[in-house]
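What follows is subunit A paired twice: with subunit B in the first complex and subunit C in the second.
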Partner chain A sequence: MHSFPRSAPLIIAGQSVLYIFRERTVAMLSALFVVLVLISAYLGWSATSTVNAIYADAAVYLKGIGQTVPANPVLDISPLSLLRNMSIYVSLIGALAAIVIGYQLIASDRKSGVVPILGTRPMTKLAYARGKIAALATLLAALMAVAAVISVSTFLLLPQFTLSAHGWLKLFGFFGLSYAYMAMFGLVALATAAQSRSESVGLLLPVTLWLTVTFILPSLTSNIHPTAAINPISALAPAPDTPFFHWTGYLVGPFSIAESFKYLSAGLLDFLPPGAVARSAISPLADLAIAFAAAAGLATLALCRMDMTRGDYNV
Partner chain B sequence: MTDGLIEIQNLSQRFGKVQAVRGLTLSVNRGEVFGFLGHNGAGKTTTVHMLTTLAPPSGGTARIAGHDITKDPLSVRRVIGYVPENVRLYDTLTTRENLMFFARLSGISAPERRVNETLEFLDSSHLIDRRVGEFSKGMRQRVGLAQAILHRPEVLFLDEPTSGLDPMGIKMLRDLIKRLNNDFGMTIFMNTHLISEIAKTCTSIGVLSQGTLVYHDTMESAVRKYGDDTSLEELYLSITPVTGQGEAA
Partner chain C sequence: MSDHKAPISAIARKDISDAKRDRFILTITIFLVLAALASLLTGAIAMATDVATYNDAKATLLALGKNADTFAKPEFYPLRLLRGAIEQIEIIGAVLGILTGFRAAASERGRQTLALIMTRPVKQWQFLAGKLGAGAALLSAGLGVVFLLAALLLAATSGIGLSGNDLLRILIVWITSSFYATSFFLLAFISTLWMKRPANALLFSFIVWLLLVLVAPQIGDTLDPDNQVAGGVFKQLQVPKAEQNKIKASYATFETVRNDIEVSSITKHYERFTFAVLGIKDTYTGQPLGPILIEKSGDFFWIIFATIGLTGLMFSRRLKSNRLTKE
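Up next is the complex of A and B:
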């Protein structure tokens, strides 16, 4: 006789992680995300080094002509803002990688035809759901851990940039926020992959949602042009002071989670423009917390209601 | 007195306007190899989905080894194994990785040993470290069978197990089914639309037509009454109207 496996979610999670590690698409997107994090660190370092070099030349010149040397402008900005591009990479490539990972976690079972076999094992659908969510959490944590190591190394290896304890706290707050933001999209992808009849629809639905919150809603709420949405500073530009944007910002704002993420990221990485205010009906933090809870609820419900007789997708 | 390991009472399944299974009542005894025969779409797979707890019935009930499929599905799952039609498993994982996963999910305490024993029993030890994606249909079917018997279930459900197999593969599978029945005393519930398979493998037969059980007997009695494969085929065609095909899975 065999007992019921108490650790079914862990077994499901372990197997899913093993499978995903062998998926080329996921590996490529994850690698791209890591490369972009490296680029972000390099760009921040490079921009600051350039200003430093110009300042050093200017200081020599000013001293030579007997003028007062002003303070280095680099010292006026927070070292954390060196990583400002990270907020864009997370909302673009990070979220997309999370979608692909979330989708593959379920699609791998469906395309392998093992769903009916899993459905006849002594475990509940909730255990299956918990296993898949745990796998998503693990894989995204691994991705964020790599990004965090690169960022932390940047600050440790470049002696001119030192972070205070508060700075380190804000940096890790940013990674926590980014993790939750990416997980939100991964959870939605878990849900759509579980419930869609067609393989392409299962992937297209979360991608459409991602495109909508990243590019369409910001243009409605704050007149942010899609090309401006991929710039960390212009994405935070104030909206035109018109009744239309006042009301769309207030009413549609709660759905514009990419804006909420960028606003909070800018606060954590010290590049929030002075006077910038969130105009949504609810605060950005509450907005993301509600969206995250909704995505987690949706994923759990979709997985618990998954048709276990169904094997592969129709198309 | 019968030893009904599978007791089905008035089991029904409806999908919208389609009545896939109608008031099915049937008993399969311990140690039997039961052949569930019917056209494509007769409701065989739908019946197996209900019995394996994959889908709740619209009406009626069934007990597997004394466990009610709707009230105690987890206990049912502990005593059954299931091989779906066209089983594939995880292509990028090896046989060992696939089977270890299913062994752990079944709560087997020494999964590695059980995986080795099971593959040895199926004469498939040589497949253990190969990726399933490289396998032929016959090899996949054996690994699929291995995942279903890892926990030594009392009842093994096979859905069209010979589908897509070549004659050699069919013979090998037939021998395996007999060995599982003899060596482990497993009760086999096999869906098929091939009369020849039923005649060569099964000890009892049930014929489903448009969701209704139209014939149920022991194989011995059926052969005594109707003779060889050809006569059984004539019996089958006479009791199962061809209309209504494809109504249910």
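Up next is the complex of A and C:
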């Protein structure tokens, strides 16, 4: 009998990556993410330039009426902060793209009926899990690498851009953080696609989780409405100074991973407002690390407990 | 009931009863209700803080023997507390529309019942009208629960109470919200009926949702100079409103581009109309309803015509025989 190659996870990962490249919906969502990354730096630069010009006009008016001219609110702005929109695009489109990739990696096998065939092969479920997780990691790394190359290139073309070695380090720290944040949602999607009976539920559970952490929890912890949550500056507005928000910030904060991500991103991209403090019971970095570990554990467990006798989903 | 209406009604009733059994639609509806109420509640708590701050400041001034009338008493409009709920409907209400539309088409294709229905003496337009009627009714009912509970919560938490005019405004916003969610129902329903694979239709609907509901408003919002500085650039520079408008006038092209991006999104029309009717936007707060409706009729009709346009699109194309099953 021929034994199954020892590199089964590699074969699974390679085949899965190739399959995902053929998926048009994944391509559409990934392309959308890349296009938005492309215009992100321009948007930041354009908006900041406009504020500068408004300041110049306002200064003329204020001097004219004999009032003191306040300091320019965007003076001495870090060039990194021009990329602030990236933090929003990662938390919106990047996370959703990761969900779709994670879901398709498993759903494609289930829908095409190969799961029961894989169950007959001399391969452990752990090898299957490792292959699928490696495929997810590779695909998201490729997406993030394209995003990083495009954003850095676009940035270099913009006027007045210089960055110190420390700045570059922070920029790459942001890309690493974004990668981990996206991977977290992709891992959850792997788990739900593997365990759900219904195809749509497999996709919609991680989407619901994403909606909750992006739009609902920030309103509970900081009274940040959804339209503020899509603006990198408004999303960091201080919470009302009341016992209710102190407690929700402290207790619900650890679950509000989108806020943790935005807080850390703002720190790395130099647009964290002065005096901003994380109010959660767990520090944002530890919060994301725990959430990532939980998602990885969930995906591994769900894939290792996947029923290899069942193929397609119910309706 | 006429012969034409009987099949429509039968399909609609069957779809509503299916949806009631489908726990996922119910779960998302409850999710929307909770999200909207949570936003309303946190808004009310934040407003109560403002009231307390005002009262404390007033008491301090009185204790110092000063005239408390020197600083204006802030006016509190309970309908403004609906801002968070409206924003949740913009996002999650649209998702509810997509899921209801997807389920309405995917369930028939998945159970292979679409082909069976087409063999019965039911005209294709009757089948589609029944599905649309059921979807619109389900969405209206779900949103009705949101607004009913929100109105009750508003009356209970604001301590100000709701007038008949307030309730009329909520009614208008409920009707508009129903059309808004129905347009997303149609998007998902049409694509799930037409596309080869229903799951891809769901993803396609989500991509359109992402562009219309989040990306276009996000770009418009980002390009607003007043959003680039925490608290607002004009507020921080302490520039009065009249001068703000003068300064803004010199950036007319920039503002036109920004506005064009925003108005390409049905969500922005929905937001502009509802924010004006409910007085959430400062310039409309406390203003009479009639002139607001006239001024904002363009946004309202944009939503209505988008829904009518998608309905026309749905009826315009015949169902393909190779799209009657799941894949």
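Simple rule for what comes next: the second predicted complex is superposed on the first by the 279 of 315 C-alpha atoms of A that agree within 3 Å, B and C clash if a C-alpha of one lies under 4 Å from a C-alpha of the other, contacts with A are read in each partner's own complex, and residues count from 1 in each chain.
Just so it is clear, a residue touches a chain if its C-beta (ideal position, glycine included) is under 8 Å from a C-beta of that chain, and two chains touch if they have at least 3 such contacts.
These figures come from a predicted structure and were not determined experimentally.
By the document's definition of touching, of the two partners only subunit B reaches A:Thr309; subunit C does not. Here subunit B and subunit C are compared by how many residues of subunit A each touches, and C touches more. In the overlay built on the shared chain, the residue A:Phe245 is in contact with subunit C alone; subunit B does not reach it. In the superposed model, A:Gly113 lies in contact with subunit B only, and not with subunit C. In the superposition on chain A, A:Thr162 contacts neither subunit B nor subunit C.
Of the residues of subunit A, not a single one touches subunit B in one of the two structures and subunit C in the other. On subunit A, the positions that touch subunit C within their shared complex are 24-25, 28-29, 32, 36, 39, 43-44, 46-48, 50-51, 53-55, 57-58, 61-62, 67, 70, 73-74, 85, 88, 92-93, 96, 100, 107, 111, 198-201, 203-204, 207-208, 211, 215-216, 219-220, 223, 225-227, 230-234, 236-237, 240-242, 244-245, 248, 273, 315. Interface residues of subunit A, counted against subunit B in their complex, comprise 1-5, 8, 11-12, 15, 18-19, 22-23, 108, 112-114, 116-124, 307-309, 311.
Contacts from subunit B toward subunit A in the complex involve residues 49, 52-55, 74-75, 77-78, 80-82, 84, 86-93, 97, 101-102, 104-109, 147-148, 151, 249. On the side of subunit C, the complex with subunit A involves touching residues 24, 28, 31, 34-35, 38-39, 42-43, 45-46, 48-49, 83-84, 87-88, 90-92, 95, 99, 102-103, 106-107, 110-111, 199-200, 202-204, 206-207, 210-211, 214-215, 217-219, 221-225, 227-231, 233-234, 236-239, 243, 247, 250-251, 254, 271, 326-327.
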